[in-house]
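Two complexes, one shared chain (subunit A), two partners (subunit B, subunit C).
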Partner chain A sequence: MKSKAYDSESQSVDRNVIAELRDVSKSFGDVLAASDLNLSIGEGEFLSFLGPSGCGKTTVLRILAGFEVPTKGEVLLDGEVVNGLDAYNRPVNMVFQQYALFPHMTVTQNIGYGLRQRRPRLSKTQIVKKVTKALDVVQLGGFENRRIWEMSGGQQQRVALARAIINEPKLLLLDEPMAALDRKLRKEMQIELQNLQRQLGITFVLVTHDQEEALSMSDRICIMREGHIVQVGSPQELYDRPKSRYVADFVGTSNFFSGKITNLTENLVSVLLENGMSMQGILGGELTVGQDVCISIRPEQMRLHRQGDGLTVKVLNRIFLGEHTEYLVTHGTLGDFLVLSPRQSELNDVPFNRGDEGLVSWDSSIALILENN
Partner chain B sequence: MTQQARNWLLLAPAGTLFLVMLIIPLTVVLIFSFGERAPSGGVVPAFTFEQYANLPARWTAFKNTMTLAPVGTLSALIIAYPLAYFLAVKVDSKWKTILLVMVIVPFWTSILIRSYAWIFLLGGRGIPMVLDWIGIEGVRLINTPFAVLMGIIYGYLPLMVFPIFVSLDRLDKQLLEASSDLGAKPWRTFLQVTLPLSIPGIATGCMLVFILLMGEYLIPALLGGGKVFFVGNALVDLFLQSRNWAYGSAVAVALIVVMLITITFYMRLIGRLGTSRDDVSIM
Partner chain C sequence: MRIYATCVYLFLYTPIAIIALFSFSAGRHASQFQGFSIKWYGKALSNPFVMDALETSLMVAVASAFLASVFGTMAAVALQGIKGLVRTVFDSLIYVAVMIPGIVIGIATLIGLVTVFDQLNPLVSTLWPTGFTPPKLHMGMGTLIAAHTVFLMALVVIIVRAKLVGMDRALTEASSDLYATPMRTFQQVTLPIIFPAILAGFLLSFTFSFDDFIIAFFVAGSETTLPIYIFSSIRRGVTPEINAIGTMVLGVSLLMLITAQLLLQTGGKKNK
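Moving on, here comes the complex of A and B:
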């Protein structure tokens, strides 16, 4: 398989395709958990599935692992259709959300489990060598003969990781592996996981509903909604060029103003807002005159100042965030929205306080007109 | 009330029962076993080992008990395990309860009545007659060790199914997926994950059935027809018919000793098999 992996959505990456979904759907009774999914996963890539609870992320992973057979469509691994291939015959390993470590085995026995299933058999010394190395990679040297229940949550997660990577899978699937960890440990593990992925060169497919986690770790993110893939792209693409309000809302924070397109000229497009105001922006997708749209403007792309042109607003609230200060402001017709002011401009100017009046302005060329859904 | 006093209070009902129903009678039996038979039946206090010296006279009863109890336990296990596995792992959860109830339903009628059904089934006008029709003649089932074994398996099956069902039902199904994910074929997953993790259930089931079988007397009495009898039958005979309490007590003590020895070995074995913290080691 030497074909290029991606469609126009993510031109930037070009790798060999290791796994592919073609029109894959999966229904459980009347519930359509995955619907017409099309996706290529590149070799050595770190791909995340991001979406709210129940949108079908786990279902996709389970289809890739071989625990679920798709109702429709094809799953390809390394160029071959594997729809009917049992999980135990797939070169894919999974780190389960609850780790699913074997309680009747020691740490070493758990990690070596996959190797012991190999036929022809590996010699005992080979297994010991690989297990020792895997323990080293996840920094669990010295825990060899511990029982699973004698390990902390973070340590158990490492055991689960080692148990999976020792098999050198073509695809490593991780189902919210950090969900059970506290915030600090989660941050540490995120960094470790990223390093590990680079070091091993294994393709990682991560499921998460934590956008920060997805943004900081992934090469590409696949945003899901109610069983559909909404948009696939690098974190930056998704942040800068979301194709719908849903994505703009899910990745980062944004202010939305709903309305209809009145005029499609070459550069800037005019939108008549529901409240009667007219605003200009650039198209974030293929849209037509009269369509229901919204204008999305990120808080950090707005400026709050005292002099010059702008909309007159009143400051409702001020939250100091260190590098930034977040203002909740209100405008007569636009209503409430957020403005993020960088530390530097706060130092140069007298900061705004609650109740102060100010002017808000932005560059129309960054105001994105998006499908309003 | 202090914490300690409260603890004692909690223990009191069971403790009293234990003392009155177990410790005192056992002590009495032990004392009796060194006594002599009174001419009119009953016991005369003494200190003699005569009764114990006489034990070999009841060797057959011990032999039957010591073979049919383990064989019955094992047979029940072999039949119960697949059933429990099916109920716990394969059956859709909405059918589980119904099927489980069906396993217990036989318990609602007395073992006496159920054994009578077996007397008919195994007797001359039951299975042997059917075999006769299809050309297999002269098969005798009733009053054989086989008949007793059938009765035992039938009567004790639910007792074996339940603990195994519980341990398999509690088993995290994700462990089975994890095993499969790591490359184990289904039967290897069974041997390496399912079976070891259901050992607590197997151990409990076997223990329950075995202990109860060691004291069994009704099934051999009904289906063994005086030809296949257990120590339990010997005890009934000695205490109620021949009224030789001293000898009966010695037989009872011998049975308890045999049981204690067997169970000790059994626990050792299970302890070695069992590995995970929260299951076997509590036994």
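Moving on, here comes the complex of A and C:
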């Protein structure tokens, strides 16, 4: 029983559904860790669950792995309900946050562990062949007989990865796999993971609180908050068309100005801000007149200049970021907000210094009006 | 402070050191050193009573340490899966078992077993077919092993529990995730990782059982363990032979304790 994966928001993904959550809820005592989750995961997809700690993303992963049984709802794997199926009977493998490698085994023994559990048994030569291939895939040739504690964090992660992918699982679950790596190594591993996923065609489900990680690797991101799915979409969609202030705030950086909608008739919607100013923008969801909303404008969509039209602001701080310069500016009624200026415009013009006055402007057609939550 | 500490250690260890020293004396008196010799060791080892007692002690120590390790590990693993009030009660009962004075355990076990045996023996003999001598339950090696096992189990539970608690829960989950059934997970992951702790528990149990006098004194029946032999021969006067036996017992105990300590330490390091 295979159906096409659909996604209400994004352009429909043309993939077979490999896993599905239907009205899945999980509570621990009084705490609702996940509530009424509905999601289809496409075959060969790289899907990330993104959210702050405690949002329920790890619970979802553990439900998929079979470590937790949902309190309510159904989990489907390849068209079959697997709610009661124990972890050891599920064709799903996980890369644990601290890798959870077996300390009393060598690298080879760790990687071959899953194969050795198969019944009927695989022959020794078959296992050796597969392990050698897996070591090759994660570029650990020559480390066969190393002990786990003799290896660096990055190498341990590769072992954990090899130990999981060698079983050719239907889903590869990754629980914050980069959290223990330093920044540079993390970048490398992100690229490697992505290549690996394309090369193997295995469906990857990643859990992370690092938006950069999710944005750079995923085909789709599922943003979670307090046990709920807030929005699902491709990285670009979530960045360009967030549906709520929470998503706009979590994916990238944005300036928010709160207010109420006064006029819905025109192409551009007018919003009366709390400070009495009126601003225009486009709707980022179904909103009504009088609703509490906020206007979201990304710092890089604002321009800071000396001539022409714009709001008069004063530069409070200037941070040089290489390709961009970030200005913290203040406006009499709007308060403080961020403006990102590309390096090129800095080179063409005299850069602003702390205390300088300037003009800030933006296109009303990029100012998003979002639900204020 | 330093002087105080030195005094404490002197008080503790001087008598032991003197016993060890005098065991090498060539003279006939336990409290006079008359030339170096190891003849008392030879004498002790060729004394049939000493060798009998040693054999009994070793059998009791090995058997009870083994049984305590097996049952203690089982209890420790089972306790991992229990939460709440039941666990608290079990935990406190285990600590109580370790802290109860030996004399209380000895007397309680003796009274308990004698009462049960008195009830059971007539029952067994009535049920037994006539013409055969019915077996008679009595105090002896069996009761000694049983009493030691029960007491040592608590020790093993505490040691193994400490190791289990320190073990990453993700390891058993990873094993389960990699298609190992709970039984195979226990065999392939949990057991190898906690094995140093079990071995340490075994060695400590062995030492405790081997050295125990109080409990053995009450429940051994007609059996004579090494500590019981030493106690009874002291009543006839302390000879250098006793010193030699004591020193050997001390040596074995120290070796076991140090091995156990090393096992617990290196085992802990590797798993981090």
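One rule holds for everything that comes next: the second predicted complex is superposed on the first by the 369 of 373 C-alpha atoms of A that agree within 3 Å, B and C clash if a C-alpha of one lies under 4 Å from a C-alpha of the other, contacts with A are read in each partner's own complex, and residues count from 1 in each chain.
Basically, contacts are C-beta pairs under 8 Å (C-beta built on N, C-alpha and C of every residue); 3 or more make two chains touch, one makes a residue touch a chain.
Since the model is a prediction, treat every value here as computed from it, not as a measurement.
Superposition of the two structures on subunit A shows subunit C clashing with subunit B. After overlaying the two complexes on the shared chain, residue contacts for A:I18 are found with neither subunit B nor subunit C. When the shared chain is aligned, subunit B and subunit C each come close enough to touch A:P103.
By the touch criterion defined above, A:Q117 lies against subunit B and subunit C together after alignment on the C-alpha atoms of chain A. By the touch criterion defined above, A:D86 lies against subunit B and subunit C together after alignment on the C-alpha atoms of chain A. Taken together, the two structures place residues 65-67, 86-89, 92-94, 96, 98, 100-104, 113-114, 117-118, 149, 163, 167 of subunit A in contact with subunit B in one case and with subunit C in the other.
Interface residues of subunit A facing subunit B in the complex, by the touch rule stated above, are 65-67, 86-89, 92-94, 96, 98, 100-105, 113-114, 117-118, 147, 149, 163-164, 167.
By the touch criterion stated above, subunit B contacts subunit A in their complex at residues 172, 174-175, 177-186, 188, 192-193, 196-197, 275-278. Subunit A contributes residues 65-67, 86-89, 92-94, 96-98, 100-104, 113-114, 117-118, 149, 163, 167 to its touches with subunit C in the complex. Subunit C makes touch with subunit A in their complex at residues 168, 170-171, 173-182, 184-185, 188-189, 192-193, 270-272.
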